[in-house]
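Please go over the structures that come below.
Heads up, the next two complexes both have chain A, just with different partners, chain B and then chain C.
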Partner chain A sequence: MPQTDITSLKPLFVVETPPYIHNGVTIHGMMRDTLLALAPAMILALMAHGVAAFRVMALAAGVSVLVEAMCVRIAGQKLRIEDGTALISGLLLAFMLPVQAPWWLVTVGAALSMILGKHVFGGLGANPLCTPLVGWACLSISWPKYMNPSAMVLNTDFLDPLLRLKFFGTQSISPETYKALLMGEQLGGLGSVYIGALLLGGIFLVARRAVRWEIPVAYLLTVYALGFLLWHIDPARYIAPELYLLTGSTVFAAFFLATDHPSSPFSIWGIALFGVLAGAMTVLIRAYGTHLDGAPFAILLANLFTPLLDMIRPVPWGGRK
Partner chain B sequence: MKLPFILTVPDKRPLEELHGITTLLVPLRGHTPAPGIKKRVAVAANTLLAVHPDMSLGEIHAPCHGVIKDITTRHIEITCSETPPEGSQPVAPVDLSGLDEQALCSALKELGVSVRPFTRPCKTFVINGLNPEPGMVYAEEVLSSHKEILEAALALVKRLSPATEYVLALPAGSHSSLDGVRNHFVKPEYPISLARPLIKSLTGKESSADITMVRLHDLFGLGLVASSGLPRTRTVLSVQGRNFLVPVGTPVQTLLDAALVSVKPGDTVVLGGAMRGQALSVLRRGIDKDSEALLHIPAKSKPPLEDNPCINCGACIYACPMRLRPNMLSRYAEFEQYEGCTKEYLNRCIECGLCGYVCPACRPMQQYFRNAKKALGIETLQRRLPL
Partner chain C sequence: MASMWQEFSKGLWKEIPPFRVVLGLCPTLAVTKSAENGLGMGVAVIFVLVLSNVLISAVRGIIPKKVRIVCFIAISATLVVAVELLMQAFTYPLYQQLGIFVPLIVVNCIILGRAEAFAAKNPVHLALADGLGMGMGFTIALTLIGSIRELLGTGGIFGHNVMWNGFEPFGIMVEAPGAFLALGTVVALMNFYTAWAARRAGLEVPENASCQGGCSGCATGQR
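Here is the complex of A and B:
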């Protein structure tokens, strides 16, 4: 082969494979949109808890980014910190932690999320479970006391609606308090309690095509429908359907956790079933399980079905052969 | 309608001709120079330059008067002149009437036409009257202002093709027509202009048996020969939204200058459409008979391709007109597990580029598919896709 003189190729053009146009939705853009979608809830959290909330969010995000950098280096992969996936994972985890979570809890959670929830499986795109939920699950099982928002906050006027509904009867929360619940005046995760703000952010995410609308819609509809069914059967035993949405991390999970791309199915039917499955499990865990908030575990369980749901495939053009 | 995929333009864009071209780089595609064609030989326009043993590939002729400056494996460079240079032999038109099918085929090959698409066994012959890809805008103009050329071509096609039915696919609302050809209207949105989607819209069936589809571009090329009896030495192409009728071999640089495009380092110059074209590394290259567009893509107008992993978002699955799973296909291809590609129906992929258009990970989807197709011996766009 004769050596090509590089100077003879000047000016240098970019030679790529087609297509030469792109719709503009990139991983980086999706993460930026997610950050924007989380912003209202973040601001509300900072307004309510100040430095305490900032501490947890910054720590979780920082540790996630650092651990990701380390894992990528060890695995000899390309460093992709700038795509923002680690930062967002960290923030999503922080949203589910109590504001008063001790620093070591946040650190361990973020590190476990990144290592067990992402990098042991091969990094970006390869996680079978929603990354921040892995850390959350480890913490919830290992240190349930520290993960319990009402145990962590002693003097507060806010109520922990999950605890109340479970142990003080289904009528212990009246519709008058709904607006307060929507505004986040309840105990729960640092960011996941701002139901209204998250709903707004979620709609923004869907509009920006950063997540597929089918997942939150299928999920929330299922939660409401099943909740309605149970409540219809025995209103004394089961809570009103809207309370599944107004309390706990259901709305947060619908838009920010269930929609995690790698751990959710990719075909339309797969996605719809995934949403239904996760929704049904959320309600069942809350109605019958020992765990107060159903959503996170429900999503994790649904994640396990993803490979199965991905076996549903469209018939290719011209039929199967 | 998705904006970048609309295949029609509202206004008329006439075919502009270029004057004062000084150099042509007539591309060779495995052709060998004809006897007597050497450096410094003077040729008149339409002189035979190079031949190919394959019956289905047309020969190559001089698009202008001039002197041969250089011959490489890729092209023959001609320095053009206004009048026939001394020592050149003028070329007379060929009379194509009265030839039987066999003789007509060889005559057309000798006139530089690739005849295969016109002779393919079929019942229905479809003329694709749509601009094939975003970035091409010549179809309306050719159909409305150069109808006689198309009809001259059609007269030849009717002698060559066994088809019993002729169909012209048009964008909805078009007033164009061809004699003896049934119109078929479609919503002009990419990828309906590609063979398989178009045939589905025509027959309702997902099979291209008994159907031949040719591009308007190919029919127009045949028409140029049919109406003059002279070799195929000119071609029509769109450059940045304008249409040109220029000699084959016109350097890309010349066309970009004519279209007032200045290319800077880091930009991309594409020969062909925005979805399936080929990016050029140098501008010293002549356009070929089947070049349909020339596009300038400024740097940073799209996110660059990266070797990112698939994040499983499913966007490509929604986009794929062949209902494939490009995510799985590209992953198998990426890791060279080509049996997996076969199981995912790689042979159905028409390289429409839509999966790459939507992929948020900006994966080089076409690159993966082409590698896999090459490994599996499936024809790719570089070697013309079958129907």
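Here is the complex of A and C:
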């Protein structure tokens, strides 16, 4: 039997490390879609407030990108500013700030989002909480006065619907104004008040499959269902279910914050529970809590449950239950 | 004398609790809203830690192995009651500030940790040095965290305003999350410095810079 040199044998197939198939979805592409989805609300905000809105959005996005570059340099990772995650995160934070926010508030918020929300946990894809919400929470706990739109934005005819609904009775907003609320004629975050535009953007995101459609659907359905239940029990005490969606940042949170990929669960049951949890907390905070807008804290709380919800794993094909 | 100095000084940097030996986190996180509170808590812990180390070291020969934890707790509880009464008598405002956390010194992990890992195995003079060093390190750490939180959260240190006019206090630092932020930042900076110093000295940078292994904290866990 002739001796064969093992090293001279060429394998027929070389098995590389996975992934073997790429579906063409890139972070860069997803962020471009998010930017497009945010564009209608951004344009409406610029039309309404002009330079003031541009100032907040540009500052938040710029500081986010700068701080991300710094953190990446310190951690010795590869610089990936061009994927746009820092830019989007800064913009999402700006959408929740009042338009007259002082410059230091925007700067601190954007820097804290990036450092505490993302880079202390390891950077891109490792954040356990929705990045812009971390900065928002720090700001609204530290400086509630500056985060309150009815104290910050004075030269306006609009009213803060959240404040009115909480303290002036459930009838203080009549159904005739729903269309105006949908068009953003209300006081609130810089971009998160343009409910109609954000809804359009959200549907675009879902259609482009940049986000899982199950998350906003589960979340918004829960908010509406629980709101309807409370309203059915006592219409004089609880607000109409539509108002949970038409005021505050509920729609914005549903499509742009809750769907943050690293901080939301991946299995279908996990997503359903995540949506139910966040939706229920939103309604409870708005009906009973001290905070006016329930959605951001509700999403943060639900984010904390994501590791638990991710224990619901799909059964692999051919695997046993 | 040299060994006494060595046992004393290890508590000030090499094994400084709560930064290096991550023990005693409950008071570290709970009472460091201001530098004054941190200092007061630290002094109370020095008192209890030094005396409990000395007493336990003195009676280490007669404590049965099986009930040693009970004996340690009994000794430290006695001392804590003494501290509590002294604080009520002489520094009542501080006592009101610290509240439940003074009696909780009994179950402070540093007290039990030093008793178990050091005082029960070493002569009295070394136990004294160890308790004093660890207590001083703890006091410095608490005062530092308290100062950071008070400076950012209210704009002052020890009640004196030091920030510029128009400084808006960073309120979250005097809330509960601020304690975690301050502690984490200090630990990270210490690790960063240790790694930098090791690299500069041409030594191999340890994987976990805060723990070179083989300290008395590990001895507690291995028993």
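Following the convention adopted for this analysis, the second predicted complex is superposed on the first by the 294 of 321 C-alpha atoms of A that agree within 3 Å, B and C clash if a C-alpha of one lies under 4 Å from a C-alpha of the other, contacts with A are read in each partner's own complex, and residues count from 1 in each chain.
What we mean here is this: a contact is a pair of C-beta atoms (placed from the backbone, for glycine too) under 8 Å apart; a residue touches a chain by one contact, two chains touch by 3 or more.
Every value quoted in this text rests on a predicted model; they were computed, and no experiment measured them.
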| item | value |
| --- | --- |
| First, second, both or neither for A:174, with chain B first and chain C second | neither |
| Touching partner for A:143 - first (chain B), second (chain C), both, neither | second |
| Chain touching more of chain A, residue-wise (chain B, chain C) | B |
| First (chain B), second (chain C), both or neither touched by A:126 | first |
| Chain B versus chain C as contact partner of A:290, first or second or both or neither | neither |
| Touching partner for A:116 - first (chain B), second (chain C), both, neither | second |
| Chain A-touching residues of chain B, taken from the complex the two chains share | 4, 134, 196, 200, 206-207, 263-270, 272-282, 295, 297, 299, 301-305, 307-315, 317-318, 321-325, 327, 345, 348, 351, 353-354, 356-358, 360-362, 364-367, 370 |
| Touching residues on chain C, where the partner in the complex is chain A | 168-173, 175, 177, 181, 184 |
| Touching residues on chain A, where the partner in the complex is chain C | 104, 108, 116, 120, 138, 141-143, 146 |
| Chain A residues within the chain B interface of the complex | 9-30, 78, 80, 122-126, 212, 261-262, 264-268, 271, 313-319, 321 |
